[in-house]
Amino acid sequence: MAAVSAQASKRTQRGPRFRWALNLALLPMALTVVFCYIGTALWSIRISTTSSHTFPAHDFVGLFQYTRLFGTERWIVSLQNLVLYGVTFITLTLLIGFLLAVFIDQKVRGEAVLRTIFLYPYAMSFVATGLVWQWTLNPELGLQSALRQLGLTGFKFDWIVTQDKVIYAVAFAAVWQMAGLVMAVLLAGLRGVDDEIWKAARIDGIPPWRVYVSIVLPMIAPSVATALVLLFLSAVKVYDVVVAMTGGGPGIASEVPAKFILDYLFGRANLGLASAASTVLLVTAATALAPWMYARSRAERRAQQGVV
Amino acid sequence: MSVLTSNATAPVANVRRARPARPWLTPARIGIYGFLIISAAFFLLPLYVMIATSLKTMDQIRLGAIFSLPTTPEIDAWIQAWSSACTGLECRGIRVGFWNSVRIVVPSTIISILAGALNGYALSFWRSRWADWLFTVLILGAFIPYQVFLYPMVRGLAFFGLFGSLSGIVIVHTVFGMPVMTLLFRNYYASLPQELFKAARIDGGGFWRIFFQLMIPMSTPILIVAVILQVTNIWNDFLFGLVFAGRENQPMTVQLNNVINSTTGERLYNVNMAATILTSLVPLVIYLVSGRWFVRGIAAGAVKG
Amino acid sequence: MSSVVIEQLHVRLGHSDILKDLDLRVENGEFLVLLGPSGCGKSTLLHAVAGLVDVTDGAIWIDGNDVTWTDPKDRSIGMVFQSYALYPTMNVERNMSFGLRINGTPKPEIDQRVQRAASMLQLTSLLARKPSQLSGGQRQRVAIGRAIVRDAGVFLLDEPLSNLDAKLRSELRRELKQLHLNLGTTMIYVTHDQTEAMTLASRIAVMLEGKIQQIGTPSEVYDQPVNRFVAGFLGSPTMNFIAGSLVQEGSRMRWRSPALSLDLTDYAFAGQARAAEKVVLGLRPEHVALVASDQPADGRATVSLSEPMGANIVLWLDLEGHQIAVDTESHVTHKRGDTLGLRVDPRRVSLFDAESGLRV
């Protein structure tokens, strides 16, 4: 059946006028992909092998920029922060998002209201999120001060001005923004689990928590994996919330790679170094993407063959 | 021919058990609601702080009780944020940014959606090997951190004299919104029955006729989702606005950051919070109004950042 | 093997009474089918027996124990669902053993039970496979296997064949019947398909709107339907219904309609035979004999349509404006427009009061 209609559509497409219109329509996409995606990426990589400062140079210095990059303290700090931020952000967002989804799935009253409350932060910009949390965590006038006034005189929460804790404060704000999204995605997955599986589990005498852990979670594993990859990429790209919340500070304590690149690209006019940094970021993103896409395409191929 | 073929009384020797008490409020229920309510409080906290702070006077703010209600609520901070806050060199308020954002969002949304629809249409109804390959690369591109593309895009736009202009930022948003929009429309058109398309071809429709007269009118659900996605994402964008918009067109998010993080002298927290709310107002309203459509947008694979 | 007794069951969901004052007794080892259209309450009844639905009032006894308020896992039941509800990420062995593992059964006993069930159901070679790698029939067997390892006294089956195509359905139906013969476990089976009910059941309970209309063996329910609904629900093609009246002629009763007239001397009346204005005659297509139009007959009709089924032909005849179906052998050919005589055996017909629908 599919073969017949494929033949039919090939036949109807043979007219030259259609080919022409189709190619014209696809031209913007082709130009975009070739120039704005592939071309720019290649050019960036090329610049990273030069000694460009304010303007692109056309020499070739090999991996000089990369060695210089990894000798720059600020870059090393930004990478360390990326790891700390990434792990904290991804773990907490997944955990909280999952718990929220599971608890809402328990046929609670006011579900729609709760969902609205958990998801609204996602509608705000990262900048707004950063600014609000900057204010809330303000040591003199914010959370710390308020709780001290309420009686907890020894309460300390000045993370936002503490060098080794500030990155966690930033991660915290990002979790607030994104947990609702994970909740929405996982809730949809949970709702996709057939009701009859729950009935069968009840008859087997399996307690609900065990059903979630041993039966439901493996069933929604693909959704969790997708959420994980998307969160990872969001972590790698983190920029807005850092700029808004701490400006990279105190000092360079909350520096992140994306901010490093922007600063060196425009502020400190060091194209070569910044391009090397973006290439490193590109490779980092690719390392997460490649295995996931491979696993996805393998699962699709297996699904097409394996169904009896 | 009786309805019941046997006597249906229960064995007399066995005792009937009483109905067990089943209170609605079990420890499990308490735990669930407890967690949800505490979480809700955590999520609503910043919103409360934002609103409360924006309505307080600076005197009250300096006292430090961030969770207290405003003693004498005033909207002065809002007025100041809107019309006289300093966003860099000028002090004309964040309304400048508001209108800039509007001027950026409207054309960007329209063009990026049109491009996505056209691409999705071409890809799903007209098979083409090289186009499918192109599409795969496009999708991969969506996952790459934008910093890789930045400088070359700057130079490219400068070459055409579009750097720092409204057209420039619109182009940027169209280019970087293309993967998600194309994916959205392609999946949507793939879910429509092929017979419609074939019937239109038999009726003599050409490529563009079918697109404008059949596909677009049928795309209402996905158009709504696309509009919500693009308006929210472009309005909330910071990076592209910072780099490409140029001083006259700075969107609200960039101006907001300027208002708050580059003020000298005493920081007017109430004004800051008012400005933050004003900047978040448009996407929040869209979110509250669109409800289910917003979630559909998320499900369609658009995670920003 | 367990018996099930349901006493005055009242199940209320939301604002409606799905089941009210329902009594039912299922004997040890029997295959009871709950048959009825969508919404008649058969699934609710099954779920109440399983403990998946809260009972508003009444009692359920399994094997002499009051289980009305007991958890499903303690009721000694096993259940097979429409979608089989196998745990997709576990293999067959784990699917069958998971419940036992959770509830602390010692490992050797689990293995023994699983092996026993697997050999009974010919699943031994499939134990390592996942549900997605099994055929429909194999999945059904695994679902039953899950019930067997629990040493369940009663198996509850909720329309397990509804999702399948016709060929697979008849194949699995036979497997199920064979299984019941081998195992001898009490089974309560829900379906809307009367063929499944007729072929599988030792007794059928026909339900409508939360009430059991009739319960009896397949032949009882088929030959002696207690009301019009039951008569029309069983049998394919459906029973023919013709409006008419009962008249008394001397010592005989006769049923009369404009085109058909029947001597009811041999008919077994439910109660006192009395003349009545509106009585509907129920006639099964296979109980009508066709003769040439010049032969003596109970009525005459014209052929309007012929449906060859392969093994037989269903002839549709016009009887004074009604279309009635008659089952004939396939070698007999009648043309459209032929007038034929109808001969009916009064011992095989059913009479129903036109208003109440009850058997007369």
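Letters are used for the chains, namely A, B and C, taken in the order the chains are written, and counting of residues starts over at 1 for each.
What we mean here is this: a contact is a pair of C-beta atoms (placed from the backbone, for glycine too) under 8 Å apart; a residue touches a chain by one contact, two chains touch by 3 or more.
Every value quoted in this text rests on a predicted model; they were computed, and no experiment measured them.
Shown here, the protein chains touch in all possible pairs. More inter-chain C-beta contacts link the pair A-C than the other of A-C and B-C. Note: centroid distance chain A to chain B, computed from Cα atoms, is 15 Å. The geometric centre of chain B is 54 Å away from that of chain C, both derived from CA atoms.
Put simply, chain A touches chain C in their complex at residues 194, 196-197, 199-207, 210, 214-215, 218-219, 221, 306-308. Those residues of chain C whose C-beta lies close enough to touch chain B in the complex are 5-7, 23-25, 27, 59, 61, 64-66, 68-69, 203, 212-216, 220, 224, 226, 270, 359.
Within the complex, the chain B residues that touch chain A are 32-33, 35-36, 39-40, 42-47, 49-50, 53, 61-62, 64-68, 115, 118-119, 121-122, 126-128, 131, 134-135, 137-138, 140-141, 143-153, 155-156, 175, 178, 182, 194, 198, 201, 206-208, 211, 232, 235-239, 243, 253, 256-257, 260-261, 269, 272-273, 276, 279-280, 283-284, 286-288, 291, 294-295, 298-299, 303-305. Every residue of chain B that touches chain C in the complex is listed here, in rising order: 1, 3-11, 13-17, 19-20. For chain C in complex with chain A, the residues that touch the partner chain are 50-52, 71-74, 77-79, 81-83, 85-90, 98-99, 102-103, 132-135, 146, 150.
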